[in-house]
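Structure provided below as structure tokens; questions to follow.
Read from first to last, the chains carry the letters A, B, C, D and E; within each, the first residue is number 1.
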């Protein structure tokens, strides 16, 4: 009998760092921090755009980009939590518009105290989440259809309530608070941006550091397994939709503050835009994979592309073309960065 | 259904079922299955592939609802609508499909649904998980099952080897069962040493008074461990035998229908 | 006409005559999110009620949705409606409208003249070139010889629509800037001399789409300011876009910028009176709608189809410049007076 | 030793029909024919709408409904094949519009022979599918992002090519052929509807009765398993996107025929509409489950709702609201019909 | 690496590998593994959980690409970029994860990638599958493995019992292997009778001259079937032994590192 290779009995498993070449290191970082890819894309494209037009990195332009990302960033945050459960929310924009019209309508048309009107708007937003959540959990309607239906319903309700009006809150009103600008040198930071970042922090914490978050991932990953280990998946999903609704309510407030009035005439692609931010940020549409930080980067990447192309003087139609190409390139680069040999 | 094997017939079963039926479309998985588990015993459940063993324990653990029949816990009739109900009643189950969240790491899976929070206000108010502690304990739990090849405790379970993954699922049940532990083929993917460890743990749990239901195709191990053996056949309980009075050949013969029990 | 028929459930008038049932008319709008259309709907409904007409109001999903409008036209034909009042989302609906005409329906276009104009029996619309020209003339006069650094906030980037081009070019003409290509936006020389008012040098600092919305206007203006912080004149396709621009200017701490718009909605007048929007060319959607309803009512009564004015592609419902800073040589009315004729 | 139950040794497994109550029968039908649910919804809602307005079942109205469903039905067919592979196509409408402009532009503006122009348009459509397919297979871009990017690119290309023009093909031209009406009594059947039904037949056959179809399902169901059994998943996916592109090209032809001209203003929600038809028809957005017949029913259901509500005299925003509610109800009922006890 | 057990050393290996390495992030699954399979033999591969057995055969079957090292088929160096490449070279594999399409039925899964078309123009031109025939044959194949509880051949495999599902995967390899058959724990979920059937089939295939790689934790069965035993440990081949010269205890001791082989 001849033996091929002899392994010293009981030799300890080799240390984790035994073979840690630079390539391995990078791979390990990427494994541990999956939103590193989008970050690289963000930084590189920002630098390129600054080379094309040096105003890009001006304080004024940076302030504006952050302001512009506040609302969509918030919507994408709620969307991300839902996508993590393998859901999708097509009614995100409609819910925000409805909440916004309720806030402004109660405060201005119906003359409620602003605090109450704001609270009522948040409650309405929360209720939109509750409706979506119940459709998904109770009536077993796939999230795509449930929220497509409520997209129609919330849009109609918002328009019926608004009755064709654009409402302008009084200057200095609490409703406009998220639009306040904090001057830091020549950089002006909008309060709503701080609100958005704070919410990313809170939701990121809840997802990464609490049992609730682990359950969100587990349900999105394999709902049957989550059910079998004893997670109340229906209650969990409901909590997710309600949370998302609340975030949309806050987005409504930020929207009023930023724009200075409440109207129903807001982009009809908010649902696609918020999903795009999440997917560019590395969140899987099949659920269970991704982090909110990625979504934030995703939203910023889209913003940087739009702003950068406009500043670079690219014409309308070509801008749309270039944006399409860039979005694809961003994700292709991210895929290439995170490619793990199999 | 008059008497059962072994002296346990005087005491009341911890967990019992009468005439469970369950069909899926045209397929009848259970056709009036009975079941009894007595305190402090290891009950093996054996049977051909597709005999309805997993279907039976799914009904017992709340994972599925029988079409008809009754389930009793400590003599009281119960209805488990969800696995959570059964879990709250103290029934811990390792499913054949393992029921793990593939993208989550080992510790998160081990503690899924019973996470440990940090001590102090961080845990109480902010509900911060004690991730370091869960990781450390997870490493211990898995080691205890003889798995020594684990290099990285932060690996998502989808990247684990078949046996490592099963070890995570078994460790979960072994660590947390409070009234009954049900194991559906817990050693199918495990190596020789690891299987032996699981056997040792099963015995240990029994010695602590916990009754155990063990589904397995590994006859030698069944005859080594079990106090009684429930033989499932064509969706029914064909017989209950004792490893003391019957041989493996008897068991296999009844199981396959070669003998009328 | 007879009283409201039985609850409107079974439309018993299977026969083509309006006998017993109400005359039915379809009002097909571009979309519902812009208050402009809601306002038009309201007036049309009032007028219809007066004339005893049953109005079925629908709209596209967005202002480029011709698919839904085609469906709605075909349904109006199938439902035996007497006429269609439509603000069309694109030329793709032309054939459906021709089918409707063939089936004997009166087709009234409102707000947006079809191309060719003969697709509709009659069109009631703002003369968008004229509206833009009013803005341009007023702005040129207001500049009083100063050089102009202009931001053009158009409607859509991805389509060429007549309203967009007419207003944009009207504004440029009013300013006295030559338009490069009469069919497309953005072909004018990027700098040169404007000849309106006292005349002066101009520069087109940026041209951005707004989708005619507040957020779009705001984003567009912000981008423009990033490109060129010296902008002192802003043309906006409509009032929502102008409001967004005004807000962006305020947030950016910019003062002394003149914004002009087109629309004339009541809830937007405060922007004009506060000076955030310097002037706006008011249009009269209510007039378009009620004229449309009347034309069809007339047809039902007399069998006479309405037609456009001789030699014109559409029936001009008029436009008035609203501003609290009147300029000599440009006729305008102040916001107080405007409050009586605005829409919404 | 006492035995509890004795099973006669070697007794044969009971017959399949042993316990076939009516409930079981229905369940079995549903298992075997998962698009039965949508069919029930379709029939029931059609009957209800006819009760509300008896014009609903008139030959004229039925003709119109079928005509209206032809284009979206074709788009939804291509979309369904992509969804079955766990993909999604947001560029479906953009690809159709581009192909349409090319067909009409070459035939009218450039004066090509109509057959060649038509062929070129189909090739362009096929190429759009190829691009999407390559992005997904070569560059590993998630379908959502890949097709979102090409949505921008194809839209821009279509507009640049069209240059703001609406093109009217000559009457009697081949380009208008799909719009021809075949009179059957008072019912007029559009040629394009026959084209659509034929394509549903062909694709349904290919999916259900050929190896290619099995592979489509396998790849959508579990791409890793499909790879391991030796299916060339990249080539398969490519074939799927190219096929879908071709179908969009045919949809472009039908669109020209039906509308009578080619313009870029069609609808910006064709992507959502086509996905909706598939999902209402029981196709899973996670891939591998569903049949094209379901999609056809889904498209018809949406059409029936729109048409029926309008005929019933439901006004403006209330129509939008009711449509949202009905879509949710349709799927909830379907879920309830197919509910299998677990 | 000079000589190997058994008389097969004179002939050339059918399938061989030298110094394969493979790591995933920080985890090293293979650390220079060697491998040889000789014509007509049953080679068992045993080892602890996580020892790298599945990783090894994944490299051999094209399911994954090694970071370094060489693979030889009939003495020629080959690179399998996809499982398809290996399959075309005649290597049929049952993976531990089974690799089935859950929503497809049994026959579709069995014939996935090698579907049978109808005879005549229907099959040739229209590529119509012979679904009836595939179903009938599938039923036969599964029966042959001893699975008798199957009630409905049109069941999607996701609804099968654990053992039934494994039987589908094994039947596939057994039916189609042309040069080498690799089985990664083929009997883990199978019952007593079914496992015996699989063992019989393995022997039968070998008797037809097909060499077989069998990964298993079932020592008695390994010692019963194998001609040679490859012991994998910590990502390397620790030893190759013969069941004739070594006992199960020897094997387990080498496997677990209790003995230096």
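In this section, a residue touches a chain if its C-beta (ideal position, glycine included) is under 8 Å from a C-beta of that chain, and two chains touch if they have at least 3 such contacts.
Please read all numbers here as calculations on a predicted model, not as lab measurements.
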Which chain lies the greatest distance away from subunit B when centres are computed from Cα atoms alone?
C
From the centre of subunit E, which other chain's Cα mean sits the farthest off?
C
Counting in whole Å, what is the centre-to-centre distance of subunit C and subunit E, each centre being its mean C-alpha position?
72
Round to the nearest whole Å and give the separation of the Cα centres of subunit A and subunit D.
30
Report, in whole Å, the distance between the mean C-alpha point of subunit D and the mean C-alpha point of subunit E.
41
Tell me, which residues of subunit E touch at least two other chains?
24-26, 28, 97, 148-149, 151-152, 234
Multi-chain contact sites of subunit D, meaning residues that touch two or more partners
13, 16, 155-156, 159, 268, 317, 320
Subunit C touches at least 2 other chains through residues 32, 41, 61-62, 158
Interface residues, subunit E side, partner subunit D - complex:
63, 82-84, 87-88, 93, 95, 97-104, 108, 112-113, 115, 117, 126-129, 131, 148-149, 151-152, 154, 172
What part of subunit A is in contact with subunit C in the complex they form?
53, 55, 58, 60-61, 64, 67-68, 71, 155, 159, 162-168, 179, 181, 188, 255, 258-261, 263-268, 307, 310-311, 313, 315-317, 319-320
What does subunit A use to touch subunit D in their complex?
86, 88, 90, 135, 139-142, 144-146, 148-153, 155-157, 159-160, 268, 272, 275-276, 279-280, 284-286, 317-318, 320-321, 323-328, 331-332, 335-336, 339
Give every residue of subunit A touching subunit B within the complex, in rising order.
13, 16, 32, 205, 209-212, 214-215, 217-218, 221-222, 224-232, 288-289
Which bits of subunit B are touching subunit E when the two form their complex?
24-28, 47-51, 54, 96-97, 147-152, 155, 159-164, 167, 185, 188-195, 217, 219, 234, 252, 255-256
